[in-house]
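There are two complexes below, and they share subunit A, which is joined by subunit B in the first and by subunit C in the second.
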Partner chain A sequence: MMEKIVFALITVMIIFLLPPLLDGISRKVKAKIQYRVGASIFQTYYDLQSLLNMEPILPTERLAFRIAPYIAFASALAAALLLPFGSFVPVAFTGDFFVFLYVLAMFSVAMMIAGFSVNNSYTNAGANREMMLILSIEPVLGVAIGVFALNAHSLSIGGIPLNITFTPSLILAYVLLAYAVYVEGGFIPFDIAEAETEILEGPLCEYSGRLLGMFKWAMLIKRLALLWLFVSFLVLPIMKNIIDITTFTGGLATLAVQLIVLFIIYSIIAIIEASNARLRIDQAIRQNTRVFLAGLVVLLIAALGW
Partner chain B sequence: MGEVVKMKELFTLAVILYFASMLVALIFKKNYKLSISLGHAFTALASLSLLGFTINAIPLALQGKAIDIVYNIGVAKIPFHIDGLSLILCFVLGALGLATSVYSPKYMEFYEKLGKGWLYIILYSTFVLSMILIVTVSNLFWFLFLWEVMTFASYVLIIWESEEEYVRKAGWKYFVTMHITSTLPLVIAVALLYAKVGSVDGLNFANLASLKLSPIFYVLFLIGFGSKAGVVPIHFWLPDAHPAAPSNVSALMSGVMIKVAVYGLIRTTCFILKPDVTFGYIVAVLGTITLTVGTLYALKQTDAKRLLAYHSVGQMGYIWLGVGVGIIFIAKGGAYAAFGAIALAAGLFHLVNHALFKGLLFLSAGSILYRTHSRDLNSLGGLAKLMPFTAIFTLIAAMSIAGEPPFNGFMSKWMIYQSTFLSGNGLLVFLGVMALFISAATLASFIKFYTTAFGGEPTKLTQDVKEVSSSMLIAKGFLASLCLLLGLVPALILPLLLSPGSALTDANLTSWITTKYWLVMIKAPSMPLNAESYFNPLLFVAVFGVMFLGVFASFPVNKKLDEPWTTGEPVKMENYKLKAKHYYLPFEDYIRGLYHSGDELSKFGNAVKDALVYAYLSVAKTLHRWAAKLSGAVTGIGKWYVSSVKEVYLDETALSPAIKAIKASAVVIEELDSLNMLFTVTLIVLALMLALMLL
Partner chain C sequence: MKYLEELKAKFGERIEEIKQLAHNQWLITVDKDILHEVVVYFLKHPEWKETQLSTMVGTDERPLRGKFSVIYWLSVNGNSDDVYIGIKAYLPADDPRFKSVTPFHKGANWYEREVQDLLGIIPEGHPDPRRLVLPDDWPSCVYPLRKDFHYSDSPQGKKYYPYREPPQGTTVHPIGPYHVALDEPAHFRLYVKGEEIIDCDYRGFYSHRGIEKISESRLTYDQICFIAERICGICGFTHSTAYCQAVEAAGEIEVPERALYIRTIMLELERLHSHLLWMGVACHLTGFDTGFMHAWRLREYVMWLCERLTGNRKTYGINLVGGVRRDFLDYRKEMIEDVLKKLKSEFGKLVDDLTSTRTFIKRCEGVGVLPYKLAHEWSVDGPLGRGSGRDFDVRRDHPYAAYGDLDFKVPVYKEGDVLARALVRIEEIWESIWIIEQALDQLPGGDILAEYKEIPPYREVIGTTEAPRGENVHYVMTGPGNTVYRYRARAATYNNLPAVPDMLRGYTIADAPLIIASIDPCYSCTERVQIVDVESGKVRILKEEEFNKLSIKASRRV
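For the complex of A and B:
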């Protein structure tokens, strides 16, 4: 019982408080690469704090616009709570990959409905791009899940990492999953929907104050959920051979490794972000389609049992 | 035993009430509103009694038993055999029938200038009743007869606004396509079977199931039912036909009629013929092609009802995919038999769900049409402010069809994903990947549908619009709550959905699927321990709700309003929003090659259809002459049949034989009898021709 409480506390800290810090670190890394001093790694906390204290001004009476940030926040949280922290899953209302994806997708759904519900071409354009980006990346994600399912005979987020056997197609599936996670996370060059310097942050353009703060925080939690999923897929299969992850110490050790890998991956992402420019939406669609076609080859290899 | 008798009475009561509604409509034929309201009062009661029957009969079906009823109509005895599969469709017909009956009286005021309310009620009742009887009757001859009644009634309902040219064209396309691609293969199948068994009684399902039948029947049933279901490549009639009808009828056509075709497919190819692996693959692959083509075409539609109709094609693909995978694994048997039963249940679950949310969507599109006289998504806008309840119900339906948890569409799609991704078969996994992709396309399309009609600020067209009347809202609210209920507690219906699969396999399903009120858990063969797929929708909603309310309470906002920011440009607000036609243009442009090949395919399909029309017309004329010579029993219906084949426009005189047929029971028997003779003659002639060909 005590052990569960410890894990629950750590998990809550990771889900709520870690994402702004990760963003701060990422900003610092980018600043260093670009020979800037950059803001403090706590800057994102300060940003969120000041936003959350401000009254928003609404551009429309539509209820959808007003509640979208809360929906987005709740869906990012709900999705994050499904993931394994060590061997601890905070709220296991499902163990299933698809439920995770669809719950997380509610973030985008809320953002798009809100973006389309305002008479503003910038928010509309942003929502439009978000949808097309999802359309083009969904098949890639599907192929990755398909290879994992063929390999592990399971669709369970906790079950897949513990039951995979390493084959060439599986390693390629990891690559596909990493790519899909990166695109879904909206990192540069795929920050097409929220293109800040181009269409004024797209769907978020009309948001201000508290509501904008909610959305930004939710976005960071969504990124954490996506990356944590990938990190778990990387760490759990290795850790299960080293230590019994169901014990308290084993769980803690696994969680520590997950955190370390998360920091490493976030820094790598910052480097990729700093050295890339945003793609146009048609370029992104084309590139994602190419990845999908390559993914089909991977699926074929997996179907043949390699 | 007593209970079974009571249940039979409920079923019969529903049938009688449908006939009563026609009678009532005839009695008050002078008064448009009265005939429709009273008629629909009876159809609502009939739907209630059908629902009552269904709920009462479910426990029997779960024990693997069925209810047998025989109606003696003098000239013939019509047998009915109602098992789990039939009850699934009875539930859909009852629920959607109830919703449209409550919705229609007010909605049909829209069509008051066309008059003939009594005729509408007669056709409506005939249409729904024929479907109820199709899914319960247990003789292939009567099945085919009722199938024709359904096609005919739906045709006349489609051309209700027949002064509009596009409506007449759509109706004609529907009528001809159905006769060539649906009725004809089924008539050939029945004729071949008739030649084998030698009597109408021999066409009983139980008797047919005991025969050894050739694989040709799979092909005939696939074409016959596939075209009615709108499966690619014979889907081109559907996006024209469904939107042409009044919205309440569109709801029934997209909600139930195409599902009756799925019923027919399963009934004939799984229960009469044996489940077959190759056939299963064909159904699953056709389903995947259909869901891809239908939905990607839907993505670029800007006409509300046409968009919905294209999605009917797309969602039908999901149903076929589930059913196809089910057939594959049921046929394989062994360790995978239970997995097949679950896949079949997934397809049937989507069938039920699609009926509910697509019915609701058509009723919503009807409400918009009723108030704004427009279904053009480019000119609508801001309706959420003016029609708040319709907006909420539409959003529920849109999220259901897009497969967002916790709505019903998610549960059935989730089960379809399970049955494809866990199949251990590369091809089926690929089909699952396509289903996942198209689910995103469905989401895109319905975000467009919702936000163009309901989002933004009211436009010139919509600024004076009011919410629709309470009866229309009740009907939609009923369907919306069913969408939510079946998503939250799928266990309410899953046991019934699993019953056809368990009837087809000997496998014990309880060790493979757990359906509790709070949990659905699925296991697949060779799945490792503790790696099962499970989902607890109620817990999800609780967690989500607590967090939503938590942040909502922690970070409240005041309603401080201001104009959207135009970066200083003097833009008029109505020009500052994306129109429906502008949505997703780069993506549509990217897949234009697919659209192009789809168009070519449609052209090809149309050309084949036209060629067949020509052949069909000559055959029909020859046959008709033969029939006249043989029996001299050519009645008005026969004449009408040939004359209407030439005429696109159907006026009241042309309809009169059909109306006469229903006017009085004496006439009914007389007309049915002559129709029977004509029919029988046709069957025998066809059977002889084909027997000669085969020899």
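For the complex of A and C:
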């Protein structure tokens, strides 16, 4: 019982408090690449703190506008809670793999609600882009996780990484998953829906104060959830051969490795972001469609048992 | 000039006078009824391919001869000749009308609207006679550039502007007056279907500062140098150089050679910083912030250098009529060489980084295409024109300062997209470095400033320079007692900006900021003319009239 509480505490800390730090590190890495000093790695905490303390200015009376950030926050949180932290999975049941995809889509739906609830051509354009982007990338994510599920004969996110066996299609599935996670995370060149210089951050354009803070925090948590999924799929299959994950120390060691890999991956992403320009929505969709078709081929290979 | 005979044969009697103003400038006075025919004759002349409408000046000459006048200034470019032609017509004071050139040549659109706004001279048959320069709340029938209008007046009218109706099935997507992608206020009204731009309307001139009126009303020749430099915060030096050249031509002042070389070096340093600034902005607009930061880091070397050479990072303030105010000391020559060496190695790397960033190239390629034919019709200039295959550059075609002695290439691309404009600017940076190196090597000794006394009144002349954005044309009509009678500054963007709606059509709102930025627009340059327009909320509380009086009093003290 005691062990569970420890894990639960760590998990809560990771989900709520780690994302702003990761963002701060990413900002620092980019600053270094750009020969800048850059802000402190805690800057994102300060930003969130000041936003959350500010009264928002409401451009509309609609309830949808006010609750959209909370829906987004809840969805991102729900997605994160389905993932394995060491040996500990906060919420686990068979088929939670579908729930994961659903709640991620929910996040985008919240963005769309936010964008369409005000009469502003910038937010509407942003909501439109979010919709197109999500429609083109969710299938890729589905296919990628599907290949893993097929391989592991499991539909639970906690179970998949512990049961996979090494096949050629699995490597391709990792590539697909990495791509889908990157795109869905909205990193440059895929920050199309929130493009600042084009459409003034799209759906977030009319938000301010606490509501904006909630949205930003939710986005960071969503990124963490996506990356944590990838990290778990990468780390857990290796760790289970080295150490007994189910024990307390084994679980803690696995969690530590997950964290380290997460930091490394986040830094690599910062480097990719720093060396790219933003794509246009039609270019991104064309690319996603191509990847999706490739994904179907991978799924076919996996179905054949390779 | 060989074509004058041809012209005389064609129009005969109705040409009233032909006179040479400077070594490369002619002024042809014609009857007002054939004004548009003569202008179009030159613009469409088959042997002068790159002829373009450089500027147009309307003048209130009622105190002098009881008439208004308009002059269309055309420049003959390319390999044809080093010639500027002014075509002038006098209009009666009680009914100042002339036939519009715009139906035949789009490039005349803004010029004719401007004289209509500021002088009340009406271009008949203009397809879009809406207000262009004056603010929305300026009363009608008040014409600020007429001589009977005092520069401190600021009349108040009702606020109204007739925007175009959106085409059917489209929604309005406003970019500006304030938008992160615009560094200065401007209002592009995009009519969009989804993300696709169907049409575009433009409203600008939000940053009028009344520079021309002030210059005509209360400044001397030398003072105008400094206000001319303040027309633009980025390419100000080419403005003051163009102005100085105009006055020097009018007064037949012999500028010392060393001053010409110093001007050349400063002009090219300014081009370096301006092009680097543009590259940074283009990167930023596409989300490529690494390119942005590095471009601006390199630009900083140039800024520091300029500070050492002139005392200022920008707005150098070293031009005077007759030469320059500051000499280059020998050890500072070495500093220039050092900076050029650093730039050469690091700029090469930056260009490699940019061209190898696939996502960046993808955003620039095939976007915002301006075909050659349209480029010619709009009379666009500078890197925008050269990116669309217009082979002209004031530095080569009408050599000024020391450019006649120096060797450089003029890059021209035919594609006409954003990438072509970027490549033109990249190559121009290399050329600028090369020009500065040559000028430093050949820098002659001697004086840097020529003295002048009285400049004869009522001489008309223009001075032109190739700014980083294109051709700058400054028209000066001298007045009595060493003041100007009429001053008209035309910045490069004035010719380029009207072409933007044609470049936006058919692309998406994602491309819009990049396309707008690709002409390297400079709104304050374009909008130098009018009286102070105060619109902020604070001022409203103060009451505008009071505020205007206060601010004028404050500036008088200076």
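Operating definition for what follows: the second predicted complex is superposed on the first by the 301 of 306 C-alpha atoms of A that agree within 3 Å, B and C clash if a C-alpha of one lies under 4 Å from a C-alpha of the other, contacts with A are read in each partner's own complex, and residues count from 1 in each chain.
As a working rule, a contact is a pair of C-beta atoms (placed from the backbone, for glycine too) under 8 Å apart; a residue touches a chain by one contact, two chains touch by 3 or more.
Bear in mind the structure is a predicted one, so any value in this text is a computation, not a measurement.
Shared-chain residue A:T197: touches subunit C; no touch with subunit B. With both structures placed on the common chain, the touch criterion links A:P56 to subunit B but leaves subunit C unconnected. Ranking subunit B and subunit C by residues of subunit A touched puts B first. Shared-chain residue A:A277: touches subunit C; no touch with subunit B.
In the superposed model, A:S121 makes contact with both subunit B and subunit C. When both complexes are overlaid on chain A, the residue A:R66 reaches subunit B alone and has no touch with subunit C. According to the touch criterion, the shared surface of subunit A, contacted by subunit B in one complex and subunit C in the other, consists of residues 121-122, 125, 128, 200, 281-282. Across the complex, subunit C meets subunit A through its residues 171-174, 179-181, 192, 194-195, 283-291, 293-294, 297, 353, 357, 359-360, 362-363, 508-513. The touching residues of subunit A, when paired with subunit B in their complex, are 52, 55-64, 66-67, 70-71, 73-75, 77-78, 81, 91, 93-96, 98-99, 102-103, 105-106, 109, 112-113, 116-125, 127-128, 131-132, 134-136, 138-139, 141-143, 145-146, 149-150, 152-156, 158-160, 162-163, 200, 205-206, 209-211, 213-214, 281-282, 285-286, 289, 296, 299-300, 302-304.
Listed in rising order, the residues of subunit A touching subunit C in the complex are 30, 33-36, 121-122, 125, 128, 188-189, 191-192, 195-200, 274-283.
Subunit B makes touch with subunit A in their complex at residues 384-385, 395, 399, 402-405, 410, 414, 417-418, 421-422, 424-427, 429-430, 432-434, 436-437, 439-441, 443-444, 447-448, 450-452, 455-457, 524, 526-528, 530-537, 539-540, 543-544, 547-548, 551-552, 555, 557-567, 573-574, 576-578, 582-584, 586-587, 589-590.
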